[in-house]
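First, the structure itself, so that you have it in front of you.
Every chain is named by a letter (A, B, C and D) in the order it is written, and numbering of its residues begins at 1.
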Amino acid sequence: MTKFHGVVPPVVTPLNPDFTVDYPSYTRVLEHLLGAGCHGVFVLGSTSEVVFHNEKTRQEILEHSVKIVNGRVPVIAGVLDATTDNVIGHAKVAKAAGAAAVVVTAPYYTVTSQPEIIDHFRYIKDAVDIPLVAYDIPVCVHAKLARSTVTTLAKEGTIIGLKDSSGDDGNFRYALLDLAEHEDIFLMTGSEIVVDNALSMGAHGVVPGLANVDPHGYVRLWDAAQRGDWAAARKEQERLCRLFEIVWVAQSRVSGGASGVGGFKTAMRSLGIIDTNVMPRPRQALDAAESARIDAILRSTGLLG
Amino acid sequence: MTKFHGVVPPVVTPLNPDFTVDYPSYTRVLEHLLGAGCHGVFVLGSTSEVVFHNEKTRQEILEHSVKIVNGRVPVIAGVLDATTDNVIGHAKVAKAAGAAAVVVTAPYYTVTSQPEIIDHFRYIKDAVDIPLVAYDIPVCVHAKLARSTVTTLAKEGTIIGLKDSSGDDGNFRYALLDLAEHEDIFLMTGSEIVVDNALSMGAHGVVPGLANVDPHGYVRLWDAAQRGDWAAARKEQERLCRLFEIVWVAQSRVSGGASGVGGFKTAMRSLGIIDTNVMPRPRQALDAAESARIDAILRSTGLLG
Amino acid sequence: MTKFHGVVPPVVTPLNPDFTVDYPSYTRVLEHLLGAGCHGVFVLGSTSEVVFHNEKTRQEILEHSVKIVNGRVPVIAGVLDATTDNVIGHAKVAKAAGAAAVVVTAPYYTVTSQPEIIDHFRYIKDAVDIPLVAYDIPVCVHAKLARSTVTTLAKEGTIIGLKDSSGDDGNFRYALLDLAEHEDIFLMTGSEIVVDNALSMGAHGVVPGLANVDPHGYVRLWDAAQRGDWAAARKEQERLCRLFEIVWVAQSRVSGGASGVGGFKTAMRSLGIIDTNVMPRPRQALDAAESARIDAILRSTGLLG
Amino acid sequence: MTKFHGVVPPVVTPLNPDFTVDYPSYTRVLEHLLGAGCHGVFVLGSTSEVVFHNEKTRQEILEHSVKIVNGRVPVIAGVLDATTDNVIGHAKVAKAAGAAAVVVTAPYYTVTSQPEIIDHFRYIKDAVDIPLVAYDIPVCVHAKLARSTVTTLAKEGTIIGLKDSSGDDGNFRYALLDLAEHEDIFLMTGSEIVVDNALSMGAHGVVPGLANVDPHGYVRLWDAAQRGDWAAARKEQERLCRLFEIVWVAQSRVSGGASGVGGFKTAMRSLGIIDTNVMPRPRQALDAAESARIDAILRSTGLLG
């Protein structure tokens, strides 16, 4: 297959006040991303608040996404679940719905190990004929994908890529070096704030939650890196770092999870992309004062007039 | 309602070689527990490997349990899921299936906070009319239920009890002291190895996974504590501590999760209670050498001739 | 040697306003403890704020302690340092000053391992002819003494005992079981709040910081346990648990370290045992409002009229 | 003062077989570093194994370093200790010995907080008239310097710089952005493997332990970055990443601390820079097989013929 690459945002899932998915807003999010030149979309990831949705809603979100995207870019789908066979169940649905690849974490809730994680990916690969992307997100999973786990799975063909949201850029660099000669493997960073670094090290793509708010910024950053203009890349990245401060606006009042995605949703509401900043329970939405502080950040970073 | 109490084992879920639930073995587990005098059963908990089963299987397990137990003791059901509305979905199923109460953890996978955890329990209580038991298991959930979270929820009537698998006996003691005058609240330890201590501090029950292997031992321990014979309680507990070493037999080869429940299953197979020691994927079952080491422990603790 | 046993408080180090040791107050602390019937004293431990004092002051504190105690009970001395040869240096000073035994943690600051910890204790034993007590305090050292580390060192004669401040009562029980037949080994808990449990499991002693405030309470608890009156032991322990809440009075304002020992010092000042509640830098002392809250706890637990 | 900058290696402390400092080898290390063009040296840091040395040896090492360096570059000295007044003691010695600045961590062993850390630095600044550099090394200290702690201390003039060994490059970037207009503040990364990234983000210097083995490599990397040749910087960095694998050669046998610095020493011995690879107790030195594996890495990265 063609290697995935570029800016692949994890798509925020807008909600109605009754906590159902707001599909008209969702459609606008997708068009906003594609209109800015994003190279793919990652639906049903952590930023999508996938674990707050039941199986039926997950399927609907994915089917809606595939329909709206309509082949313009690849749709990669998270199939997150705590254990192997439940992941396989989601992966079959994702394949049927038209996902180009599925994104799989290590097992969670259960106490696991690296050999068990390797088995987990192999069982899934054996069960469903769809490309697998490994998702390293220890802040949620509480297990890190070891360098040797990633390289073993990649070299043997079990996974075609990695989304690294671990924040361990040194380890990510070793994955890039170890797999440099495997042209079919792509390695993406989940960072919002050191994307220029990741691209400079050779990363093939970036999956920034903040791209829901400012996809143009990340596409400009990507384009600058592609042409080797690292000064421009850094300048764009630094502006995006200032924008990223929206994720901490509510941190003294709500949970870390609610503050981050809640900051994205609140900004997207201010920008007219989505209708509400409703969060799935038990997450609380940001309040008016927090929204005002987010607007100030949007203005200072050039997104709001 | 009558306060729950006594020995309430978290029921192991035996599997067939094809990973489906082995219901004939499951029935034997339940009869083994009730025949030994256990005061309740906790199905679909961590020891039951609940997160390895899909919604349909969870429902079948619970319905089967309720049918077999047939009112002899209360059936408490785990409704574990990462987020509020998914827990509510499970809880509705559990209520319909006849569970006496449901057991709920803090949110997991998502990054949470104590206020959010409190909201989580309140939302569930509002949505489903069934008694809630809080389940504190930070080794899986990666958040600890704070003392103030438990006492707030208990005093306001949101939860009727606690299963404390945190290993923090000092904190558990404070919960017992804080709620001593709330006669309707019951507090159970999830420990296998300091149960005499927990009962001496005033715990109302115990939920030991090891009781699947030796329910008579835990009932004797409970009875000794009830009559104030702490020397006998300690002696029984110390024998059970030696038995508990089965959970570490495979720890150098398989994951911590697989080694623990796998040790229980392997012992239960040796004792003729269940037919296989099959583990759900990606957990590996214990091998023949490990099984032999477990048999040696069963013999030295008087369970195998 | 005779096995150590009983209530062995870690002695608080009172300070003058200029941060020098207030020896008249220090003498009163020792007399307060011995007058209450404590069976030994542990100086230069974490509660003594040993790491805040330089080598010269450490030596003076120990020499003063030995002089005042004057053989009435054993004086056990902490020789805490990050690495082996520095510990050996302290241990030689402690031996010369008349300590009955020295208390040694795992290496800290440096990233260590269980085999390295075992070597650490062996090197110290080889270098200094004084009994060694292992000190398990992962909240400070950030490494836990594994069960096998403790039993290996005890069985081979490298250590004569353990002070377990890990809060892991299950693991402590296994140490008690593993070493039950080694009559020369003593195992003490560092807990303040589950001492009855530790004694019920067979612990030989207790090292509670809170005994600086209420040594009579811990001696009563010890005596009740010795005569097997577990109901009286529990009642005394529960009162002490209420008293222990002084350690959290200042937790929202100062660090955890300052709040705990600072609570002890502030209570001891209110009780007239020491002159100031001065804390070594950078720890802040408790303020007047916090002191008033501590006095309320002292009154409600019967220590202040 | 002139801002510090460039490649400032943390100097390895070579030992004789009797664990005393091997000063002839030490001198060769310094000449090796200065001969390669390093812009400063950092003595008595974690790589120097400072916490393994007593006060007298620390002083000797520093005095020897100042004498040998003889003003050719600045000598920055670690004054690591667990608490404020002990750090002040070391800092006075360091000032007297001619250190250009002293490097200070947060308190360790004791449980601390960000406000207490801020006080810690302020007390030291008040007590000793020498520039302070904050050292963020949570793997040893077990507390992270928060972004706001660093910026507060820098903006008010308490610290003149930061050595960031936290591995959190996103947080480091925010420190760079927050302090961009403070021309007298310098921010250095402690990383060995993402130095090109740190320099691309605007870091003023780098403190790589691996520069003891290959200072020319880091100077070439620095020079490439200064002229904006990021392709050359990346290529050099990638070679150094391969060289850095020496730190894991012994990781299955010795502790993490011993494996890392032990790998440096063993490589330096192979390169003829120092005479032994002796490690301070309880660290074990690398053995012959491990040394052979290190030599292979030295050959494959061009350092050994």
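In this text, contacts are C-beta pairs under 8 Å (C-beta built on N, C-alpha and C of every residue); 3 or more make two chains touch, one makes a residue touch a chain.
These numbers come from a predicted model, not from an experiment.
When the CA atoms of chain B are superposed on chain D, the rotation angle comes to 180 degrees, reported as a multiple of 5. Over half of the residue numbers at the chain A-chain D interface are used by both copies of the sequence. Centre-to-centre separation of chain A and chain C, using mean CA positions: 49 Å. Each chain gets a centre from the mean of its Cα atoms; for chain B and chain C, those two points are 36 Å apart.
The set of chain D residues touching two or more other chains is empty.
By the definition of touch given earlier, these chain pairs are in contact: A-B, A-D, B-C, C-D. Interface residues of chain D facing chain C in the complex, by the touch rule stated above, are 19, 46, 49, 51-52, 54-55, 80, 82-86, 89, 107-113, 115-117, 119-120, 123, 139-142, 254-258, 280-284. Those residues of chain A that touch chain D in the complex are listed here as 167-170, 173-174, 177, 191, 193-194, 196-197, 200-201, 228, 230-231, 234, 238, 241-242.
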